[in-house]
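Pasting the structures here.
Heads up, the next two complexes both have subunit A, just with different partners, subunit B and then subunit C.
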Partner chain A sequence: MDGQRELCTFPLAPNHKMKLSAAGFLTIQDLKGIEPAQLGKDTGLSLEDSEGVLNTVNVADKMHWKSGARCGLSALDLLQEEQSLPGIITFSEKVDQMLGVGVQLCKVTELCGEPGVGKTQFCLQLAVDIQIPTVFGGLHGEAVYIDTEGSFITERLADIIAATIRHCEHIAQMEPNEELLEHLKSLTMQHMLTGIHYYRCYNYVQLLAIVHLLPAFLKNHPKVKLVIIDSLAAPFHHDFEDFSLRTRILTSMAQSLVKMAAEFKISVVLTNKMTTKLNSSGDNGAHLVPALGESWGHACTIRVNLHWEGDQRRAWLCKSPSQAETTVPYQITTGGIRDIIMEERNQAQNAEDETPVKQQKLS
Partner chain B sequence: MSRPTQLDLIPRILSAINRAHLDSFESILTLSNADISRITGLSLSEVQTLKTKVAENVVGVTSMTALDLHQGKGDLMQICKLSTGCAQIDEALRGGILSRGITEITGESASGKTQLCLQLALTVQLPQANGGLQGGVAYICTEDAFPSKRLQQMTQGFMKVHRQTMGSDYRPGNKIFIEHVADYDMLLTCVNLRLPLLFASTCVRLIIVDSVTAVFRGEYAGHEIYKRSKHLSSLVSQLLALGSQHNIPVVCINQVSSSMNKTGRQLIPALGLAWSNMIMTRIMLSRTNQTIALHDSGIDGRIEATVRQLEVIFAPHLTNVTVPYIIDRDGIKGIT
Partner chain C sequence: MAMLKAGLCTALNDTVLGNLRSVGIRTTLDLIAKDLENVSQQASIPYKDLLAIRRVILAQYSGFPLTGAELYDNGVLSMAILSTGCTSIDELLDGGLYTAEVTEVAGSIAAGKTQMCFTSAASVIRKTKQNVIFVDTCGSFSAERISSILEENGVSEPEQLLSQIRCFTAFDVYELFETLENIRHNKQRQMDPFFESLKLLIVDNVASVIYPILGGPQSDGQSLITILGQKLKMLAVEFSLAVLVTNNLVSSEGGGSWSASLGRVWSHVPHTRLVILPHGNKSTAETPAMGIHRQIKIVKNIRAPTNRCCNFVIASSGLSSVR
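Let's look at the complex of A and B:
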């Protein structure tokens, strides 16, 4: 297809490029069938260098051909492919709508927010939701949970699973049919706990190692559709002096996560912390920005900022290639992430849960 | 196994990484494949093998499922819970203080922060069946002198209740190891050097820092905020390391600052976001305007006690609940 590709577009050393062009080698066509020794003679490059040049060109050319198959896709094909991909529901309809179809597959989503606003709760909720059988509107997948802070408390997970199972039972009662009931039977606490693969990680070296091993793990566990890192910021917070190293590690980690998300059609969810940034324009005070620096901001495809507004929690979609920037309220109940307006049944149940503590009479 | 050269790899790779002075796992994992290939002269596929081997070694265990974790299987130490010695508060905390991360107790002065910590210093000595962790406590004081008189008073009440389980000549005071520190350097030395020594020689199951604020509040000028957060994170990483290594709770007391906003004065925990980001659970204590009558068998007969409140601000496993409590001679008591 393309013997016309110019040599200067290949990743070659500048002086090699110069020598090649000086000797009249301009396109791939010109290098076809030439031996390293001949090339060396013609250009004045050493034998080793000319071998290197030929190798680079060949390898890059081959990769180009391989990816050529994908290049043939039109924007319409891509759109259809993307639209056919389901998302992971969050149990808050408003948040789902904000994100399109819930948390998208094939994408890296970052959740950032102050402590206590619900980042970990979102992660736990997603790890459970991914496992809901397809007949109930889920993806019937599994999740990998990388915990860097030790905030993965199975007790809390059990609450969310119990609520999710109740929700599915509710659906099954509304329209009882064989298939639903059949799936409901397999939907147990034990089953759902087994569907979450947990890694505890204490420092960034371990995190790097886990991310390195993930592709192999995903190959062996094709059911895994979601990888959660809660939080990405923690290992880079403590005692991290070398900021250029941090940027380098984060960039390469982001690369492998993006690649994994696309290759295995999984969703990657990361949490990040907030940090204070002093305003440059003098004494305007400070405002909160996501941690890990400016360059990290480019790494994630989708960024959701969780924050408080008064005593209401809000999710703000601040970066997304496909959805408009919106802010929606949500709340965290015993059962997990929910919309503020809830169904009656849940409300009644919540009221039951809360009254004994909240309205204690003083004797 | 702590060196890459001890890995089970073919000699060619081993000698190549030896020559390139890649003598830590860290250096191998942080470099990109292409970089390693360049400095060692190994092929990319060999580098991949090397990295995978290193990664496997660093991660150690294969993943476990949440079910294993829930049932306490696997080599991850199971979460322990330390009772506060008060049923109502324990209920709100779902059993007590977790042996994970740092638990912050914050609140205005005289809200009962130290009282709660003294109580924890006693309950930690109880056997596991009674909600304790059967061990001593390292109590780091940075503010005033350790309130030993008050502890004595509380010990009496504690022994009255637990004489049966602990034996009548048990002295809880013998298991409370107190360290006074005045500044950041002393605190860091204490946490880095003295605490590990203490852990090696005796059974300590709880670390209390009363308070982190005193050390970090005064000594830093306005422009040293970056230095402060760096010092904070060094302290926290060491505390977390000790906590997770021994699977014990770490409790830090924090003061509050008041912040003015449109709705009026609001109390917020001190030390800012840098600190808040590093803790896992935040418990806020406060005083209310109410008082209740105490029927005490003391000389006065009737004493008024201020009603205080314990509020869970955030925690990964707790909902936001409030428990009213009072402080009497024996310590903290939830009221119903």
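Let's look at the complex of A and C:
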């Protein structure tokens, strides 16, 4: 430890920083071996504040030197890690391919789209899929579902769970072995419903509080591999006169979610609404853009835009650091999100045998 | 100002320091600003000693003049120009990314900022034996993507090259400071061979750590921006690194014109600023096989004329130029 880091680069209160620098305390070196009482005398800070300052600096410094983080991680190690991470399947092969291996762990994915296009359906589907046992190609995890709009409908969820269980039974029938059958027994409606931790949240203060407390929750529930916020836009849509405050809250919340995703190796899925933007030139009229503004658009690592093309639903991957921009069709059936199956495709390949029913969003 | 410390010069021992403190002199600035005769009487320190101490302090804390010739020689010796991996952008930048300079690329959502970082990193490790540090503030780092860029550029075993890139994550501005401090520390200690041949430092994206602290009743945000700018430039100059940072693009009040975000204070930090121009909303999705077309403009530069544009395409091999 060479103690050259300046104190102004630590998360200290601005007035504490000023007092420290006025008294000549500029770097960690200057604080070495000093007692809180002495520091208080030298700077005019209260004893409590001095203790706080010394704690912040020491903790930040020590934690950091202990962990191996100071040399960084080699891209080679990260490549191996990335390749070993499974994704959360969506039950639409095309959407999975578009996203790489399904919805990625360690990343924040934003789904935006008009009402009724299937954002909530995607969320419900993912909350179920995350629980599929590993032998059936799932992650055997649990999900946290933060509902801000009251669009979480348990009956709909039950439909999707039933279809998912049928799908697993199908696999077990096709290649019956002990292990699969064993897992199938534990795969019940009851079990899958328990695997979803549901929060109902009415305003942005509650949402902030939940996001703040989530790391502790995730520590106690290591099985949770997916956090869903449906929708993020709702609590931020109104009640905001100060737009710079909204930006600050949104971006700092986004940073904590990005951090959470990386730290706990979980996937975070958010939904966002569309809003009308008037073209500045005025000649083209207006078009739909995701809500919450330009600066928010940068916050999520992956953005998927869901929209209608004629009478077909399409998912457009419009932002991703690793995958190319693509658009794929999908549909919503009673069983959840599915590919649009072409006539000539071998039906036996598909575990689902329901007739595709176009279903309007229930909420 | 810095604190007065025992051992700064022979005359400044613990007793003298104690005496000075008793008359309220703690920092170097206090001592220099005071009338030494008065101090000498009040603190009962010989006037001669005080003069000697002051001389040492002034020498220690002042800058040294360098001649232009020396600077030029230093520059010629240590300067390197790193290719961004895209010929048209290299031309725009008069060769590529210069060491000892901070280059910024600003763009709107999914404009290709991160892809430019990946392509530059891949190009540096592929063409030179130099190392790259990638500081990821928004979870966008993808080793798989870099690996596939390398493969597309004819590297048969990209794994071997990938250990030349190291990735740090920093999700708030304080973590970013910590990371930069680390890099400085490692560079100075010269223990880790990786840092010996470090030439490119990428921070993607600066705006994501600044936004949460910008504005509001506290003025702390602006001062943190200033410090961040200083730190980046210090690393660039002191260790002869090329620094590439990304920034967001915001539309101005009336709409229509676009500029890089983070305001005026930050706008003075980068030596070179590139802007990826906003693109039409969806037209690009139609022809994925052709790659995604973008236009990039240079808006600030020391040596090349500004306000020139060039086109590039985001393809599976990273950014490449189109005529």
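Points to keep in mind about this one:
Simple rule for what comes next: the second predicted complex is superposed on the first by the 269 of 363 C-alpha atoms of A that agree within 3 Å, B and C clash if a C-alpha of one lies under 4 Å from a C-alpha of the other, contacts with A are read in each partner's own complex, and residues count from 1 in each chain.
To be clear about the criterion, a contact is a pair of C-beta atoms (placed from the backbone, for glycine too) under 8 Å apart; a residue touches a chain by one contact, two chains touch by 3 or more.
Everything numeric here is computed off the predicted structure, so don't read it as measured data.
When the shared chain is aligned, subunit B comes close enough to touch A:158, but subunit C does not. Contacts of A:299 after superposition: subunit C is touched, whereas subunit B is not reached.
Of the two partner chains placed by the overlay, only subunit B lies in contact with A:210; subunit C stays clear of it.
Once the two complexes are laid over each other on the shared chain, residue contacts for A:197 go to subunit B alone; subunit C is not touched.
After overlaying the two complexes on the shared chain, residue contacts for A:105 are found with neither subunit B nor subunit C. Of the two partner chains placed around the shared chain by superposition, subunit C is the only one that A:82 touches, whereas subunit B remains out of contact. In the superposition on chain A, contact of A:5 is made with subunit C only, not with subunit B. Touch criterion met: A:252 reaches subunit B and subunit C at once.
Touching of subunit A by both subunit B and subunit C, each in its own complex, is seen for residues 245, 248, 252. Against subunit B, in their complex, subunit A makes its touches with residues 114-116, 120-121, 127, 144-145, 149-158, 190, 193-200, 202, 205-206, 208-210, 212-213, 216-217, 233, 237-239, 245, 248-249, 252, 273-276, 288, 291, 332-334, 354, 357-358, 360, 362-363. On subunit B, the positions that touch subunit A within their shared complex are 25-26, 29-30, 32, 51-52, 54-59, 63-70, 76, 79, 92, 94, 98, 100-101, 233-234, 236-237, 240, 244, 272-274, 276-280, 282, 290, 292, 307, 313-314, 316-317, 319, 321-324, 335-336.
Those residues of subunit A that touch subunit C in the complex are listed here as 2, 4-6, 8-11, 14, 23-26, 30, 42, 60, 64, 69-76, 78-79, 81-83, 106-108, 244-245, 247-248, 251-252, 254-256, 258-259, 261-262, 280-281, 287, 289, 294-295, 297-299, 301, 303, 316, 318-322, 324-327. Interface residues of subunit C, counted against subunit A in their complex, comprise 1-4, 26-28, 108-110, 114-115, 118, 133-134, 137-147, 159, 162-169, 171-172, 174, 177-178, 181-182, 184-186, 188, 192, 194, 205, 207-209, 211-216, 218-220, 223, 227, 231, 248-251, 254-256, 261, 281-282, 284-285, 288, 292, 316.
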